[in-house]
Amino acid sequence: MAIILLLSGPNLNLLGEREPQIYGSASLADCVSDASVAAEARGHLLEHLQSNHEGDLVDAIHRSRGRCAAIIVNPGAFSHYSYAIADALATFDGTKVELHLSNPSAREEWRRHSVTAAYVTGVVAGFGRAGYGLAVEAVCASLDTA
Amino acid sequence: MAIILLLSGPNLNLLGEREPQIYGSASLADCVSDASVAAEARGHLLEHLQSNHEGDLVDAIHRSRGRCAAIIVNPGAFSHYSYAIADALATFDGTKVELHLSNPSAREEWRRHSVTAAYVTGVVAGFGRAGYGLAVEAVCASLDTA
Amino acid sequence: MAIILLLSGPNLNLLGEREPQIYGSASLADCVSDASVAAEARGHLLEHLQSNHEGDLVDAIHRSRGRCAAIIVNPGAFSHYSYAIADALATFDGTKVELHLSNPSAREEWRRHSVTAAYVTGVVAGFGRAGYGLAVEAVCASLDTA
Amino acid sequence: MAIILLLSGPNLNLLGEREPQIYGSASLADCVSDASVAAEARGHLLEHLQSNHEGDLVDAIHRSRGRCAAIIVNPGAFSHYSYAIADALATFDGTKVELHLSNPSAREEWRRHSVTAAYVTGVVAGFGRAGYGLAVEAVCASLDTA
Amino acid sequence: MAIILLLSGPNLNLLGEREPQIYGSASLADCVSDASVAAEARGHLLEHLQSNHEGDLVDAIHRSRGRCAAIIVNPGAFSHYSYAIADALATFDGTKVELHLSNPSAREEWRRHSVTAAYVTGVVAGFGRAGYGLAVEAVCASLDTA
Amino acid sequence: MAIILLLSGPNLNLLGEREPQIYGSASLADCVSDASVAAEARGHLLEHLQSNHEGDLVDAIHRSRGRCAAIIVNPGAFSHYSYAIADALATFDGTKVELHLSNPSAREEWRRHSVTAAYVTGVVAGFGRAGYGLAVEAVCASLDTA
Amino acid sequence: MAIILLLSGPNLNLLGEREPQIYGSASLADCVSDASVAAEARGHLLEHLQSNHEGDLVDAIHRSRGRCAAIIVNPGAFSHYSYAIADALATFDGTKVELHLSNPSAREEWRRHSVTAAYVTGVVAGFGRAGYGLAVEAVCASLDTA
Amino acid sequence: MAIILLLSGPNLNLLGEREPQIYGSASLADCVSDASVAAEARGHLLEHLQSNHEGDLVDAIHRSRGRCAAIIVNPGAFSHYSYAIADALATFDGTKVELHLSNPSAREEWRRHSVTAAYVTGVVAGFGRAGYGLAVEAVCASLDTA
Amino acid sequence: MAIILLLSGPNLNLLGEREPQIYGSASLADCVSDASVAAEARGHLLEHLQSNHEGDLVDAIHRSRGRCAAIIVNPGAFSHYSYAIADALATFDGTKVELHLSNPSAREEWRRHSVTAAYVTGVVAGFGRAGYGLAVEAVCASLDTA
Amino acid sequence: MAIILLLSGPNLNLLGEREPQIYGSASLADCVSDASVAAEARGHLLEHLQSNHEGDLVDAIHRSRGRCAAIIVNPGAFSHYSYAIADALATFDGTKVELHLSNPSAREEWRRHSVTAAYVTGVVAGFGRAGYGLAVEAVCASLDTA
Amino acid sequence: MAIILLLSGPNLNLLGEREPQIYGSASLADCVSDASVAAEARGHLLEHLQSNHEGDLVDAIHRSRGRCAAIIVNPGAFSHYSYAIADALATFDGTKVELHLSNPSAREEWRRHSVTAAYVTGVVAGFGRAGYGLAVEAVCASLDTA
Amino acid sequence: MAIILLLSGPNLNLLGEREPQIYGSASLADCVSDASVAAEARGHLLEHLQSNHEGDLVDAIHRSRGRCAAIIVNPGAFSHYSYAIADALATFDGTKVELHLSNPSAREEWRRHSVTAAYVTGVVAGFGRAGYGLAVEAVCASLDTA
């Protein structure tokens, strides 16, 4: 049994209330629940942390080193400028999935560039709430082949 | 039962032989088989076309209009310049997934920009062969909620 | 009597079905018919080829050398990257008209730059189906003064 | 019977004298006459104003609101920087045609970008004196379908 | 009692008629009246000039030197390219306020850069008709502390 | 009576001590007091939070949703890179004013671009301490017309 | 005896009063007088026009065609965006000198690029009032060798 | 005896007819013959394929894997945008020569950047018909030292 | 005796464990110890704070004003986007040294630009653990000459 | 009597032979002679050095410090990249004239930017051989007013 | 018998010792010898000069004018900034070959742009030591057809 | 005992005289002396060469190969364009320190980018004369750990 850390960046605590036409009507709890169920179905455990503070996410990534097998991170807006999170992800050896609810390529210009994406294993973006299950699947596929 | 069209762009016919350190050792047939199995497990049918010819992919997208419920496209290098495929994808109303074996953000600069990504529902990138199953799951999640 | 070659690029075969709020409800056949009628009214013959394959358009331009008096080309998305078509147009000595149904300057950023436009006599853009007749008129005006 | 306003921007008063290898040997009066004849043949009336003063063109566009059915504007060099004219065109509800004698895409780099083109219905460029008749035809086609 | 010069750039004469969803339904007279009332309430006199001609605005700025205590300028589209107005503003020693009805940062890309903003005391943008009163208040606050 | 939230970003706690030739000699308490007085004079209540921590500002914006009628935010340096605050502001439905003491357009190049400005109602910049009262006025004008 | 047209662009009427540390303390009349004296000493006649209106300068260039042997133009801020003046200069066959009092390369970034400089014979910049005499000398040298 | 594959991209079939001042008067057959003779003189066999279809070139590169010792490719305009051909070349382990008749650095700006050049062994450009023999020599030198 | 504040930005707490081939095998404690020893040898006192939270670093800089003689800051990834730290450094009057273990110029493109470097006295980069002693020496040299 | 140093950069030794349609048919000796005659007519002495070695020009500028009253430098191609010469010019307190025979703004793109121009008093460009006399006049005007 | 000048730029004297994995193990003497042998085999004479001084290469190009029939230049790093050498090459009328041992397109970004390449007949790059013979062949082919 | 080569680039011979507010009042001899004393105190020998000629610096780097243990280079303006020196530094295996008296990040835009910095071990910048001792210390620390 592996521990998968799910990290949610700024403004994701408002999921369901915030621009539902873009982010969907599910709450963050709904999404985390989906991810937990998917992880447990695969015999793994999912931990979750949401914060609007960049440093909290960096700290959490550090704490997961050696303890967690994978990180799924929806960095929210931090994707577009937080080199600190990028550097933190680089210090983590396991599977790393960058997850976005919406498809950043189809939105404002500044959302097209992710500074964190170069430091993860892969990306899942644009599938709304369903992305949470997919990200867990991606992690599990990786753990299985490891 | 829905039909899911899987499209593979240029050079993907060489999967398994071509730069396995980047693209993995599975053949395209292996990947397509994974996707087919996943689709069938969900009660859907997967069709596949690989071509090194941009026009073939455009034609296939056109033919799928009204007949297929979703398109999974790994445009290969066409991601980075084929506005013709981007325009073709825009004519298709169903779910559209852009799939990459490797994580383009972690490779050459020119792979960081996809001209097609703005015209799909979402993106799955960086999970190698496992991405094929994930893309089918992404489609199915979308079909279930439709 | 001169032969005018009308070339239609990728996705134009879907005219009338595809984003009618942008491209109008006329089919490609309607547009070609308008162009033919206009050409015949001026004593000329119009030939038409549509293809989603860049190479087909290059081939067609080559075949028209010495045989046709003018080319009207709606390159569709190829306008924005096909230097091969640009080079092909440069090999044709007659009048060349680049035709667009919509006004590319009023759409996505990437549609504002045409790599083919530097290699034609002139451009007609934004007048929808009526542009076909206008393009033929432009050709005829050029043939009359030649 | 509709009124069509033809606006000519800076330096167009020198047509015929100025770089005839680029702009042709016809005078502005010749071009305006062509446009008038074409308009009258279609039952419309053409008015013309040339000015080297940006503000005169803005004023004229304002005066045409509600009185004219269409504007044909050859903004000359103003195409490349006059956001004031762009804004003025945006206040006019009828058909708007941007007209150029030469093909800007085939000339100096700075002529490739038009700041006004995003605010017109369509563009006719590169057909010299014949463009005047084509622009009137474009307007008439638009009026007919309105 | 100080004189405050209010300058209105191109197309502002159409306020109330022009894109009311962006610029509001108040006329320029309404806005100027608001500013006058606000100025008089503070014991100052407001003068107003609107022109679609860049040179008129430059001339007016020159005439105000030594005679007016402050300039409020809504340069309209001139904000984005008129270095002549920027230079004119640099010659005026009093308080200078750049005023915009809409919020340029939330509109087209080209509206995000103002060439005049570096040469004024401050900017008030995005508050519609209410901005006129605010700009006068800004001027008065400055005059009081001078 | 409405609640107006005033947010002050990093380094604003040093107001009055920090580069007074740029930011003035008033302390943050002075500025907040001005804003409070102005709000109370209009029958509203002003709350204030200053933090050097981006996450604190995001949290505060979240807490104000549904409780406050307006936000006045001087994001300080966060204006230039905090997409997290930009996204947070987008989740707030009331009036939003971006406030700067100095005129960013007249300073270093990097201060000319605000990533938050596209997500507010309007901007007040360059009027020093007086800007606090102006921002409150801007909010009140907006509340009155709502 | 040749006629030399000296054109002065926007804000140059304020010479001597405006930023004397940059532009010097001589008035425009002083500068024009220097140029006239220099021209007469060489047997030529100097005419002068100053305007803050771009169109006036374009008109003046047109009127000088065939009548004047040379143009000396200090376009002021128009150097940096007036393609209309650039095009007008291109219609004039004689010697053309672009003159600047200050050295634009040593000032703000936007002054480093002149859109008119590509359309003149040569440039004299940075020598203050003395530049007027130098520009006349440059013209005379050109007339002598013509 | 090694097989050398010579690939000719779009518009090269018109060699000798097309802009001979740039590309020379030799036909493609002449050039291919030169290459064949050079190859045979060195004991090797040269195969040739010309196509205006990008996919044909990709297919041909694939077919040559394991069968040919080297590829000489004149991608024509494809050099400037075909990442598909770049990727195909990356799958070929032997010597790869990019060949151009003209010197792209001395022509239009867009010809200065080759997206394929990073994926070949070396480049021969600018020597017209003679380049064909030189490219074969380059291949042979490489084979000799392998 | 002066107090020197040493600040360590995000991820530096992992020094020794994190990419030792880049950052070396010494721990942060080792580095801080080196700096303390060097400071004490010069009769000064070194204080240290590490945080992954940008706001903590800003707060610490503020607290050091008037109390510390110098700041040595290794901002880690914050160097590349934290204008908040840049602004905080600008409020500190003493000597400021930006310190990097690796040589950012020899790594990813985004590490080549530091937004904080313009606001410090000087930079020491690339010397690994030895840089800590060098930075203290740089501070001491500055204090000696002050 | 003042000493004026005239410096000629790379390739200027070929003046008269090298691209006379651009640089004229006068030799460098002719140009230097013109400058000397002009200097002597004004009671000054002109020294000249030509070198194709950047370091020679830097050395010469250094040697002129305190000995020469002015420098006229035609840096040739060094204008476009030699920051070493720019820095050297910055160390010279007298009048400095950058001189070009041709008008760089009307030639290749790379000639439009001069890295040295920000460090001189003024520029004379485009007047061919006559520029040498003009540059001396510019220097003398400066010396007279000093 | 023609004289061919071979020029070697900075750091090429270290060939064989310097990064042999990039530049090969042959010394410059080996390469020059290859070129000489090739030239003599064709009845020509090869002269060689290596220098780390840009001016030496400019001087050598000048001296070769009228005396040598061709220049082969490996400008080394000068390719990327020496406009002085570019200008010098432009003064030479014979065949000019730019030669690189490695393939600059496959290395650091800054090596992809050559400022000299626009001023030569053609380029040979990427073939290591064998490039020397190829460059001589390229020259001979050119001399034969001249 | 190791030999440390100290290289000083263009204009550094004027240290103490040249812009002392930027570069300080110490002469180059003073700085070199500091470095020598520091080196000797550590048991090493310092050699120094200053030149305004890029080639001299390249030559000196070459001569130091195998003979010197480290290079300290203050490339002056060469930092910003001399790829030849960058390439030369790449051929030297020992410790390499880039040294600047001032902090280039706090000066003109063009000083922010160093083309040589990617090819050295580390950088010391902004500490004036004291930087010379620090650079020697940096070298010694490196030699001690080697």
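The letters A, B, C, D, E, F, G, H, I, J, K and L name the chains in turn, as written, and every chain counts its residues from 1.
Methods note: contacts are C-beta pairs under 8 Å (C-beta built on N, C-alpha and C of every residue); 3 or more make two chains touch, one makes a residue touch a chain.
In this text the structure is predicted, and so the values were computed from the model without any measurement.
Novice: Please give the intersection of the contact partners of chain F with those of chain J.
Specialist: Both-contact set = empty.
Novice: Along the shortest chain of touching chains, how many steps lie between chain B and chain F?
Specialist: The least step count works out to 2.
Novice: Going only through chains that touch each other, how many steps at minimum separate chain H from chain I?
Specialist: Shortest path length, in steps: 3.
Novice: Could you check if the interface between copies chain I and chain L is built from the same residues on both sides, meaning over half shared, or from different ones?
Specialist: same
Novice: Tell me which of B-H and C-D has more C-beta pairs in contact.
Specialist: Of B-H and C-D, more C-beta pairs in contact link C-D.
Novice: Distance-wise, how many Å sit between the C-alpha centres of chain H and chain J, to the nearest whole number?
Specialist: One centre to the other, that is 47 Å.
Novice: If you average the CA atoms of chain C and of chain L, how far apart do the two points sit, in angstrom?
Specialist: Result: the chain centres lie 62 Å from each other.
Novice: Distance-wise, how many Å sit between the C-alpha centres of chain G and chain H, to the nearest whole number?
Specialist: The computed centroid separation for chain G versus chain H comes out at 54 Å.
Novice: What positions in chain K touch 2 or more of the other chains?
Specialist: Within chain K, residues 53-56, 81 contact more than one other chain.
Novice: Run through the chains and report each pair that touches.
Specialist: The list of touching pairs comes to A-B, A-F, A-I, B-C, B-H, C-D, C-H, D-E, D-G, E-F, E-G, F-I, G-J, H-K, I-L, J-K, J-L, K-L.
Novice: Where on chain L is chain K touching in the complex?
Specialist: The contact residues of chain L facing chain K are 53-56, 58-59, 62, 65, 81-84, 86-88, 90-91, 115.
Novice: Okay, in this complex, where on chain C does chain D touch?
Specialist: 103, 105-106, 112-114, 117-127, 130-131, 133-134, 137-138, 141-142, 145
Novice: In the complex, go through chain L and note every residue touching chain J.
Specialist: For chain L paired with chain J, touching residues are 9-11, 13-14, 17-19, 51-56, 76-78, 80-81, 110.
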